[in-house]
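Each chain gets a letter, A, B, C and D, in the order it is written, and its residues are counted from 1.
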Amino acid sequence: MPTESESNAASTAVAEAPPTASLTERFKQIRNFTEELCRPLVTEDYVVQSMQDVSPTKWHLSHTCWFFENFILTVEVPSYQSPDPSYAYLFNSYYVQSGERYSRPHRGFLTRPTVEEVYHYRAHVDRHMVELLETASEDVIQRVAPLVELGLNHEQQHQELLLTDIKHVFSMNPMYPVYRESGSSEESAPTQPIEWVEYAGGVQEIGHTGDGFAYDIEGPPHRVFLEPYKLASRLVTNGDYIEFMEAGGYQNPVLWLSDGWAIVEAQGWEAPIYWEKHDGTWCLFTLSGLREVRKNEPASHISYYEADAYARWAGARLPTETEWEAAAQGVEMNGNFVESKVFHPVPLDHAAAETPAQLFGDLWEWTSSHYSAYPGYKPAESAVGEYNGKFMCNQFVLRGGSCATPQSHIRITYRNFFPATARWQFAGIRLVRD
Amino acid sequence: MPTESESNAASTAVAEAPPTASLTERFKQIRNFTEELCRPLVTEDYVVQSMQDVSPTKWHLSHTCWFFENFILTVEVPSYQSPDPSYAYLFNSYYVQSGERYSRPHRGFLTRPTVEEVYHYRAHVDRHMVELLETASEDVIQRVAPLVELGLNHEQQHQELLLTDIKHVFSMNPMYPVYRESGSSEESAPTQPIEWVEYAGGVQEIGHTGDGFAYDIEGPPHRVFLEPYKLASRLVTNGDYIEFMEAGGYQNPVLWLSDGWAIVEAQGWEAPIYWEKHDGTWCLFTLSGLREVRKNEPASHISYYEADAYARWAGARLPTETEWEAAAQGVEMNGNFVESKVFHPVPLDHAAAETPAQLFGDLWEWTSSHYSAYPGYKPAESAVGEYNGKFMCNQFVLRGGSCATPQSHIRITYRNFFPATARWQFAGIRLVRD
Amino acid sequence: MPTESESNAASTAVAEAPPTASLTERFKQIRNFTEELCRPLVTEDYVVQSMQDVSPTKWHLSHTCWFFENFILTVEVPSYQSPDPSYAYLFNSYYVQSGERYSRPHRGFLTRPTVEEVYHYRAHVDRHMVELLETASEDVIQRVAPLVELGLNHEQQHQELLLTDIKHVFSMNPMYPVYRESGSSEESAPTQPIEWVEYAGGVQEIGHTGDGFAYDIEGPPHRVFLEPYKLASRLVTNGDYIEFMEAGGYQNPVLWLSDGWAIVEAQGWEAPIYWEKHDGTWCLFTLSGLREVRKNEPASHISYYEADAYARWAGARLPTETEWEAAAQGVEMNGNFVESKVFHPVPLDHAAAETPAQLFGDLWEWTSSHYSAYPGYKPAESAVGEYNGKFMCNQFVLRGGSCATPQSHIRITYRNFFPATARWQFAGIRLVRD
Amino acid sequence: MPTESESNAASTAVAEAPPTASLTERFKQIRNFTEELCRPLVTEDYVVQSMQDVSPTKWHLSHTCWFFENFILTVEVPSYQSPDPSYAYLFNSYYVQSGERYSRPHRGFLTRPTVEEVYHYRAHVDRHMVELLETASEDVIQRVAPLVELGLNHEQQHQELLLTDIKHVFSMNPMYPVYRESGSSEESAPTQPIEWVEYAGGVQEIGHTGDGFAYDIEGPPHRVFLEPYKLASRLVTNGDYIEFMEAGGYQNPVLWLSDGWAIVEAQGWEAPIYWEKHDGTWCLFTLSGLREVRKNEPASHISYYEADAYARWAGARLPTETEWEAAAQGVEMNGNFVESKVFHPVPLDHAAAETPAQLFGDLWEWTSSHYSAYPGYKPAESAVGEYNGKFMCNQFVLRGGSCATPQSHIRITYRNFFPATARWQFAGIRLVRD
């Protein structure tokens, strides 16, 4: 995702607007789910920005309102008024065509609007949106539906960010706040070794083609030529990763990209973020608090640099995004998504089958592909489409969604992206071999 | 005040402990007043740290508890337990002899303890402190009273910081939150021109001598030799300061200290902090919100660099701290202190008399004296006294208290100190001439 | 090229060692040419490092010696001794397997070895290398020849860097030092408008295949699938670029990548580096000193961000590296290389033909391709091959060579790479359209 | 000395111009001595700036020319022309009234003018200056003589800086260049313990009074009141300082000023600058190269923070500048100055006498006095006097001169000043007790 922790904003790819009734229902359901995710939080939790990549919960709640307000309500509803004229400035993220905006690194300095006012803002926007969707003419609905669809996908992205951001905020606190009490407290059976699923390569069709929603950067569909490759049957686990650490992975520059090694040295990396050694035991900060590392869980909160170094150490490499997508075609999109309310990757409880496991959910999977335009890519003209391409620089593509991603949000063609340094996302490692 | 926005921690100068009863009363009164100052705030306001010099309100409320807990309760009350073991780590400011502490620039990352828990912490400490004061033997009281006195003065310093810090937090918000509604809305009569009050100089006795409480750095009392000088009859006003600005004060390097000019250029200073030009009119952010600059008010939130440049432009200079103290001897300590609940300097409403006006309250007055030890100064041995001297580097002394200072906290010998760059305090300019 | 301003170090792709005699001759010729390029310099010029990307001339001269010394002489000649034991530390660039090395940003702090000593170092290494090449057994030659070839290509890369670096050093000096007097002083005829050369796309073979030398990253050869595209018949000129500037290109965020716009704002970019406005006229600092911008010259010293923004403004885009390579196949590799000793791009003096002009020489051409591994890429095992892949992150590929590149160094498959921010190289813009 | 490594520029205190003849002789002698100090250097040594506080030798040689050119020749000699018009820009240090100037941190980027041109510049200025002094009317001489005197003192300050700066440059080089071969190679007899010389205090006259030259900040003379104190009979030695180090001085925050400790931690200070541990032995980089630390030599290259921490550990303190000056009154100004050409402090070879030893020469002595104006201080009006006061912020006064100071440059009233962080000067520790 872009620096603004928000991505893929525009779509012109929606062939048909969905039926009004169902869109309204989906609108209510998705907007409600955002608030449901906030239920474990106290007022103070909504305010803090623990690093520049993080936004306060309050800001996520408001910015998603602003998106509907700015791109739909102020355009379609002449009488619409925002609860406060400063919201347009405060809650614009990075849309320069939509006007000036509040400095991103200062979002944590805003004590007002209060959390209560923010919820009023949400109710205000919801009321006007539902009224619009229920009363507008068919013409208007045809015009508005793609934007609503976009706004809902946008909302879902912020559901994930809300979780990864509050996790980072909590991690700064030596009191180790708990977002949701965990059920299991024991480590389950060990994970089976990785097996390698073979793919023949050749000319492959890549990119979004169907009728449903997709971000513009998932198309146009196009052909690529792939050499044969073998994909790992599962994600790399904490147990695998500890072997890398114990083999001196963080001490050996030969394993690292040059820029990655510079960060290892400058920031003293010795383990993934959220790992802490207590009395000689590796512990892990999770949304259920601090506990021991479990070896059979997928290794999470890995940066690209760490994923790449691990793969080199393991005698493998990371897949390209086209290798990943070709392998994922035809695989059912089940997995540990946000709806499971575990908020953490879970161990694989079965042996590897013919199809790679954990392709969807659990953890985003780093690919070796820099985030770039597909051939023939054209961003939309207006502000809403202004920014899909503007992050096509110095980021890598991740695929498959995570335990913080809504299941309905993911697609085989979905392209997430983050800089090589990003560690606070639920991202892990899938290996590939030639 | 030191980098830790806290100062003058130790005193061994209290000759006699005050009577127990009255100390308990004062304890309750001062602790209550801190909470009274927080009444206009909503929960979200307590959390934010808008720059490194600022601490969140929550932190001020807790750190002042920690002071009593760490230096008195854990020493004198064997059964005492803090509500949470992490508080000792979270709320120690800079006392290395009291153990490790949480990183100062990260104080705004703490969502927990919640505001409610912080108030419980206060009640908890208050209950144990009052119980101690009411039930301890005379011996214990004799030993504890100076530390209680110190803790109360410490509390009062944080009352002032709490106000200056929340003002800075609010100033970052384009919604211009209001701490306290202002009464007057019109500018009153113009201020009389400055007159010059003459002093003969010679050998002067400087420093604290009496029985009452004073910080250790206010002594030992000693003699200094002063040349004759003339002190301005009042503070510099906004009207005076606008003349400096309109004469190109912020554009003329000849008026500035070399380091000051470097900051003017690097940070683009064009006016004091909290001044904003709206439609060609200078406005001022105050604790009562944004409003037009009033020319007859004392110019506030001035850094040392600005005060020094202004004085040079005005053909005068800033007083030394000994000149200030010698002039203040015998003057009544009345003025616009925090008890007036104006939270802003007020215009001088009478003509100059034989005594300089506004010496106390309204604004701290920058002196040209670097903050250094008086001859024979010895800090106390223990942690409580550890740090009075450790800030004696690269700071300037300010005198007289401000509209955010409790009146009972101020003394003629009181030495406040801040770096030359500090602008977020209620500090202003008093001129002197040879 | 990598952060270390040096790239593509290893090759295992040399099928046959060239005949010994000719290798020795080429060794002498290329080593001599490096020194010939230094002839216009005075002693002081050799010392300075004007930014971290730049190395002092002295360092280039020594580091290229170290390369032969470290990878060949110390391995093959048991009796070989370096003139000074500290050279191995001082002149290793980034080869961690070759031991510790002197801090890169401090290279400009080294007054010793002196320039004279550096030339002795070169003579010392040359003498031993020639002796080795002339006396070694055929077996040794077979083993050594690929490394010599690599060292010579490495030397040629530093010839280019030596020129771009001294240009940057000179540019910091208000005396505008002249490296080489310029011949022409007048602007010649205007350039013809861009025409568009069409390519059909489809499956294309990409990467190095022949017997001659190539860096390992130019292979393995592989197939890619291209959509049809149209390549501009010439480079973008200063005249073209001025239109972009005058249309507000540097003031319009919509044209820029998000990271690019952040730099435009942070560093106040208003024109390419080396452009200065004097009395309302755009002037250009060149290796022949400061002079007016000539509209018919290719626009040079352009960063990726600027190239990308220009292309967007022009309704076009930058080519991918495979589009570029497919178009270059079969085109003769003539052009304005370093041997012409102009040290600056020259205007195109003929109308566009069926083949795009200026593909080789004049300016490196930014492609939209992030620098990544070709399928099946494997770096060599030893230190010499250690680092080809370690720069595969956050850099873009450039193609075709420049007026500072030796002609014998370039290939159709040659992949140069720099970060999107790099401006001090001779890099320009070739447009492409779908 | 100020940030610009130059200080005390103006004087209006010269009562009578010295006789012309002798001034010309002194002019020649002092200007020659600067060049004599450069004789051990090779061309490359003149170019480098190893940190912002350091200037290249070339720059010192040129800036001192510029001083005479700018303040005397361009004013008094209408036909005078500088060798190059850019020199006025390149070699102005910080005199804003004399026009724009080249960025200080970029002085090491200037390869031109060459060293040879710089010597021509010196010869050019010398020729015109001598001609002026030899041919001008008595009126002109009267006017010019104080400025010449100032320029010569300025030149002498740069003689010292030239040495401390080249030492720092050389220290960055692992080849350990030698400025001047050292004579002695063995450590001599141990130093006698410190004794304490008592002073009665009371009202003291401080500041420059005589007819000779002094910087304006040395006056006006004035009275101060001192408590009784005892001054250490000699400087702190390396042996003394090693005891502090071995007692954990660099690990104990209680000994340090708060800002000092922050630097110890941030920069990993474990010893004075130029100390390096080789095979378990403390070595010292000197202008005669690297060699073992000798315990009987005065501890040098100490920052204020280290001096202050050492004094606290030793149960003493640093003297105020008035204590130092009062003690120095009547002491002969002999010592190890630059004329001895040792360029390093030497061990004290005799037992302590009634007078403190080493007050002059060897090492500047940190005082606890922030650098501030004396009562009644008025800087001169013009550019030449513009800057004496502009450094009166966040610096401490040092007294007595060093082994790099010309003997004729020093006075009992001489006030040198540097920030508390400065380590590259020949500065050491004199203790005092109440």
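Methods note: a residue touches a chain if its C-beta (ideal position, glycine included) is under 8 Å from a C-beta of that chain, and two chains touch if they have at least 3 such contacts.
Not measured: the values here are computed from a predicted model.
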Identity of the chain that, by mean CA position, is farthest from chain B: C
Recurring contact interface, reference A-B, options B-D, A-C or C-D [over half identical by residue number]: C-D
Separation of chain C from chain D, taking each centre as the mean of its C-alpha atoms, in whole Å: 46
Centroid spacing, where centroids are CA-atom means, of chain B and chain C in whole angstrom: 59
Gap in Å, rounded to a whole number, between the CA centres of chain C and chain A: 38
Residues of chain B touching at least two other chains: none
Pairs of chains, among all present, that meet the touch criterion: A-B, A-C, B-D, C-D
Residue ranges of chain B touching chain D (in the complex, touch as defined): 2-4, 94, 96-97, 203, 222-227, 253-254, 256-261, 304-305, 368-370, 372-373, 375-376, 386-387, 389-394, 420, 434
Interface residues, chain B side, partner chain A - complex: 42-48, 50, 58, 84, 86, 89-90, 102, 106, 108-115, 169-170, 172-175, 177
